[in-house]
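In the two assemblies presented below, chain A is common to both, partnered first by chain B and then by chain C.
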Partner chain A sequence: MTELQTIPARLEVNGVSKRFPGVLANDKVDFAVAPGEIHALLGENGAGKSTLVKIIYGVLHPDEGSLSWNGEEVSVADPHAARALGIGMVFQHFSLFEAMTVLENVALGMDKPGDMAALARRVREVSEAYGLPLDPDRDVYTLSVGERQRIEIVRCLLQNPKLLIMDEPTSVLTPQEVERLFETLRQLASEGVSILYISHKLAEIKALCDRATILRGGRVVAACDPKAETAKSMAQMMIGAELKTVTRRAGGDLGEARLVVEGLSLASEEVHGTDLKNVSFAVRAGEVFGIAGVAGNGQNELLAALSGERLGDHETVVRIDGAPVGRRDAGARRRQGLCAVPEERNGHAAVPGMTLVENAVLSGHHRMGLVSSLFIRAAAAGRFAGEIVKAFDVRTPGTGAAAGSLSGGNLQKFIVGREILQNPTVLVVSQPTWGVDAGAAATIHQALADLATEGVAVVVISQDLDELLAITDRLAVINVGVLSSAMVTKEASVEEIGLLMGGVHGLDATAEGEEEVHVA
Partner chain B sequence: MSPKAPLFKIEPRREVSRGLLYATPLLAVALTVVAGFFIFLAMGYDPFLALYHFFVSPLLTVYGWSELMVKGAPLIMIGVGLAVGFRANVWNIGAEGQLTMGAVAGGAVALAFWGEETALTLPLMCLAGIAGGMAYAAIPAFLKTRFGVNEILTSLMLTYVATLFLSTLVYGPLKDPLGFNFPQSRMFGDAALLPILAGGTRLHLGTFIALAIAVAGWVLMTFTIVGFQVRVLGQAPQAARFAGFSGPRLVWLVLLLSGGLAGLAGLFEVAGPIGQLVPQISPGYGFTAIIVAFLGRLHPLGIILSGLLMALSYIGGETAQVEVGLPQAVTGVFQGLLLFFLLASDFLVRYRLRLRGAVAVQPQAAE
Partner chain C sequence: MTFDAVSLVLLTVISAATPLLFAALGELVVEKSGVLNLGVEGMMIVGAVAAFAVASGTGSGSLGVAAGAVAGAALAFIFGVLTLTLAANQVATGLALTIFGLGLSSLIGAGYVGIPVPPLAKLAVPGISDLPLVGPLLFGHDALVYLSIVAVIAVAWFLKKSRAGMILRAVGESDISAHSIGYDVIAVRYRAVLFGGAMAGLGGAFLSLSYTPLWAEGMTAGRGWIALALVVFASWRPWRLLAGAYLFGGVTIAQLYTQSAGGLGIPAQVMSMLPYLATILVLTIIAAGPWKGRLNAPACLGKPFRPST
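Up next is the complex of A and B:
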């Protein structure tokens, strides 16, 4: 950086560039994190945040530029070297073994775990000192997502980091858990630990961070004090354009119930999955219905049961426009008018190795007449893929590009667009804007709103409560496979929803930590 | 950092070159030839002469080419069927058994009509051959879809059952009553034999059907929704379910298809070059077809080329035996080498080896 500082920065990134085939992921990035500072790294998906963080943590190596640690230039060969310097990282996706205990998982992630009994003591000490209640002897599969994240944080803290990198840490937490995490982070910062906080949630960054570096297209486009900015002004710096707001026709004239789910129970196929228990709800024409909940509470099972990937016990557990389809497969339900967007893009909603045209055929052939007597109508499929790309502004070299080569947000626009352009009567979407940048998220939200205006029944399953509050008419909360009764979104309170999301447990692990497991 | 770090590190390549992926079969063939050169040298043969008789001299006569087609046909037919299954991640390793059962079923029809053949006998034999192969592939299909049993194990083990079943028949009920107790059936009647297409060769109708099947396989995989479903199932099973494609139904489909084609190939052997049922019908075509499928990049048209190449390894092996006195095992060695080099170069196209020290030793700072 240009300015002179009396205390050297904890971490300084000097002109770092990283090129991948076809993209410049980081272009001469400069920024510095002071000791004890909570520094936000803000940017859309594909802005180069992950690449930059991977360089700092030694997973990738810069093509140009250098890193300085406490004023001295260093080269971080790999994550071991990063940890040796005092850099800890909590990844967005946890790397935990479900069948093992908390303590065993902590030990596995450490370079030198040492004596297990001593480690257990330290885990207890650290977790108490930082308000991260954690029982070292619990099996991981019994823990909520928030508790799992604590394992990752404690694992980092045990190594006395000087810089803690948090990658999108709140995407899976309830509002209460988020507040609790922030307290921990503030305490760490007050003790001199620097925190690099990666997120695209602007409200959180305003609440937590001292400074923010904003990336766009691999470059630093702005550095600001988040407390002095509005969420809107930061969003505009982030996407470099005016942000569209979702416009909805005023509600009121809702039509008949188009999707009715009645007494749906389904055992999960996963070993530690969540069984659906007697789920019932109805969505009327023109309505956007939200299903809130912390990840892993049966959302994936619910989506599979609605889309037809898994079949119910009776025909009548799912009805589309009155027609019972509970025992019909996904193809039959699509023909009946129900389209779906699952949470996972790669390998579920799309085949990464196939072209966009082929991916358009994947779920589109049922309703779009893309197959005639066993043969795929290549021209029609190409036109359909082209329409999606055009209507949803999917950035791609062409419809012949592999789905896997698109950025997450672009692929999501393609997938959502593919379902919307099939003119469904019922649309079920899970995590419509997961990992999607603000601009794409606005496009998707607007498309869902327009769909409802046209009389489609829309179900949005999301862990992002802000999203649900913004776009739904009514919502219900799913917790351990049980769906709460529905409430009108405008009248719902965040606290109430938060409590339903976490249940009463999940907030405090020690309170219910009765189950004693033998000490390893 | 750590004291016992391996010397090499294996890293996936970020970008896998498509061109390179298609070039690996050629590279594998070249490496096989080079390795063969040194093996012959070490064994004390003239390597140039041996390689000449292995790879070149069979291609200098019309008869050699016709033999190439005759031996390539079953490899291509079976390879095309297997490739469809492999695309769906269904690993039918038991084509040899399905081939045998197809030959048994079709051969039994020929023997049942013996002496009273009509124009319908041969088509009926073909249908029986397909049915025999399909029925035998239905066993692993049932076990996989119903009980989740791994088809690799069941299909492979059933191969040995099929071979023994064939022996039982030709030593017993189907033995030629006038055959001096040799373990073989009667020679099929003329109307139960595949027509020969060119005098002085063994080039039969089946070889052209094999080529037509390869083209049909290409059409199936490239242009139809069935081929699309197979590819989706293989690449992303969850996406297949999302799209409403039934996994079990596709498993049945690809196993019946590959079994049926193997069965038909078996029938073509007994109704073509062999002309009767004998204890051993194929020199391992069912297994070699696995190499053919991969060498042809699981692409039906590539399989035509790789099928002919593997046929050359059979014929070249025989020629080299006669001309240079090489042991018969040399055919197997060459096929094994080819598969080894193919898999190795495929691996190196997708991954790279890096010397462990190469990165870690980087200088700390420029100054």
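Up next is the complex of A and C:
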């Protein structure tokens, strides 16, 4: 930081520390971003990336350390102060207001929006100049996730930022949308805007970024040039260990179809949910079947229809080992051999306020004999919970701990393990590694692979395309409640999958085309 | 019916609607900011007794009205401290506020039962006020009636057109988003809650100084609850709220007439149920209809918010 520089760094972070109860989220973090540089902040979930950028944007305040802006020390009291300096931020979980219009959302993110009609014109101008088409009068809840992100970006651009922070911007985008976003970011960088790009996706960082700072456990562990590194070498810096690779029996012969879904249509119960339309697929014994798609395209409805939370129109729309269960509830389907892990850990897969033992009983009692006619078999339940904790390396003080007290990754291991240890014949998992660190993700992936080897039919619903490409045998794409025909994963191209994820009408990727596809 | 009879009925409808309009309009703003204050009844009656006490003590109706608003806001401030600063449960706190307000008002009002108070001055425009039907309907009222209408216009404009109103809606829509953009969620909600309290207090002041210029224990008689129902009935829109207040006011008056006339064959109890039945009906239709999507209800309604720093 003391070397001679003619131009001072746009942003310099000096020894920033931030402590939350029980965890040191940032520990003396140092790094600097030059003008016009695209700088990656890389790290696993929980490495302290989001905390750090919130400090830069003034949402959180550091316990120690300081920030320098163009060579001068500044204190960023709140986001207004950050914006006044020229810092713009696109949040991972968008800071949008669904019931309000695009224009109102843009105005809310600006300190001096001025006249609304003039602002609407500027929104159109800027959004066109950067290839981010937006209609200012639309209500946000009618927009796709990709369009919502554009609002955040346009909101930042209208304020002529000098530094743009992007927090995990691509986790919700199709590959084509990602490519378009990168073009916009490169254009901005060429205009002298610095970009701080937060991600754990290594391929993207190699493609986009000039420099990378790697965080682990709240500390800077390395800085590198991503173009000179391999994805593997960066991953090892990120997790601080050798990356485990999932091993599968090669080829293998698949058995009979264990799960058959035929002509499943289901109206969503959610206000802005997606109706399932004539979904059909079959998963054979020993097969891992993936369902890809951008969030909100019917994945939750599909999981509910498979698990038995929602019933189908006919008994035959869902069949397990030939037995029609379309009108049976979740308990009956579990007894038939179909176990399911929903996406939401807290409140759907587990009751946060109840202990691990109780949570084990809730889903396990059908298959594990944990309940007699009237009473819970406490000893058996405790043994079952203990087995899950041991087999899946769940870090917890004990099985009496409340599910809500576990970290996301540990709870995820617990709920996946709970279903796997029930020896299902069909397992349906949604977002198995969402918000889970690489080590835990590898454990879960290996468990799913082992399960398939034992002859179980496994369905993985995920928005993480890399994950599906890595662990599935075949996959299909869900878009506005319609499931594409299945393809063999090894032969599928990312472009083809991406186009299916964006909807066939989204081929030319214009705003109008996309809107038709996404607005359900 | 003669013009006089018609205008008399309409006048009583206006009187019955005005306190509902004040209280409901205040609650609408509170709920738009994402806070559910069920203490409207309590704030109204404390406003009523404070207005009555000050008016009879000073002889000034205007001071009385001001006292009503201040008392309502004071009670709302207690609610704000508990639910916004200390993040207590809003439903339980609101219910407690109503019970507290009813008790407090009885205590303060014990010495005022049966004492008369000079009614608020009516607006009189020579010549026009004497016109049949139109005259008394448009000009025969005290300032509070006009204030209530002006307030509807002002709130409608504020929510739709002003930046502060937009921020208030944003806070009610997503407190976390508003916080991360840099708005002080708690401060916005405090202002809304205080406004709601003052408006409920004004509604109470109208009751004890104009509607029936007397103090009687429990004189709000459930109007605070009707006001809460009215906000939902109007699906959080000020102009619909105006229409709803007059509709509910009309039902209240119809109930009085059926009670006295007794000839219509409708039990008075059925009439007093009507505002609530209408609200249940509207809620059911909204929830079941094909337009179920946007009820216009603030997404964060009733959720406590604790910012992290």
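Quick note on the criterion: the second predicted complex is superposed on the first by the 486 of 520 C-alpha atoms of A that agree within 3 Å, B and C clash if a C-alpha of one lies under 4 Å from a C-alpha of the other, contacts with A are read in each partner's own complex, and residues count from 1 in each chain.
Here is the rule we go by: a residue touches a chain if its C-beta (ideal position, glycine included) is under 8 Å from a C-beta of that chain, and two chains touch if they have at least 3 such contacts.
Just so we're clear, the structure is a prediction, and the values are computed from it rather than from any experiment.
S.K.: For A:E191, using the defined touch cut-off, is the partner it touches chain B, chain C, both, or neither? Pick first, second, both or neither.
M.R.: A:E191 contacts neither chain B nor chain C.
S.K.: Which partner chains sit in contact with A:V351 here, chain B, chain C, both or neither? Use first/second/both/neither.
M.R.: Touch partner of A:V351: chain B, not chain C.
S.K.: Thinking of the overlay built on chain A, is A:R334 touched by chain B (first), by chain C (second), by both, or by neither?
M.R.: A:R334: touches chain B, not chain C.
S.K.: After superposition on the shared chain, which partner residues are touched by A:E125: those of chain B (first), chain C (second), both, or neither?
M.R.: neither
S.K.: Considering only the touch criterion stated at the top, classify A:A99 as touching first (chain B), second (chain C), both, or neither.
M.R.: Touch status of A:A99: second partner only.
S.K.: Examine A:G109 and indicate which partner it touches, taking first as chain B and second as chain C; both and neither are also allowed.
M.R.: After superposition on chain A, A:G109 lies in contact with chain C alone.
S.K.: Quick check on the superposed pair: does A:D78 touch chain B, chain C, both, or neither? Answer first, second, both or neither.
M.R.: both
S.K.: Tell me the contact category for A:H61 with respect to chain B and chain C: first, second, both or neither.
M.R.: Both: A:H61 reaches chain B and chain C.
S.K.: Who does A:H366 touch here: chain B (first), chain C (second), both, or neither?
M.R.: first
S.K.: As a test of reading the superposition: which chain, chain B or chain C, is in touch with more residues of chain A?
M.R.: Of chain B and chain C, the partner in contact with more residues of chain A is B.
S.K.: Please report the chain A residues shared by its interface with chain B and its interface with chain C.
M.R.: Residues 61, 78, 80 of chain A touch both chain B and chain C.
S.K.: With touch defined as at the start, can you tell me which chain A residues reach chain B in the complex?
M.R.: Listed in rising order, the residues of chain A that touch chain B are 20-21, 61, 66, 73-75, 77-78, 80-81, 307-309, 329-334, 340, 342, 344, 347-354, 358, 361-363, 365-366, 371, 374-376, 378.
S.K.: In the complex formed with chain C, which residues of chain A make contact?
M.R.: 58-61, 78-80, 82-83, 91, 94-100, 104, 107-109, 113, 139, 141, 271-272
S.K.: What part of chain C is in contact with chain A in the complex they form?
M.R.: 163, 166-167, 169-170, 173-174, 176-183, 292-294, 296, 298-299, 308-309
S.K.: Residues of chain B touching chain A in their complex?
M.R.: Residue positions touching the partner: 1-2, 14-15, 223-226, 228, 231-232, 235-236, 238-239, 241-246, 359-360, 362-367.
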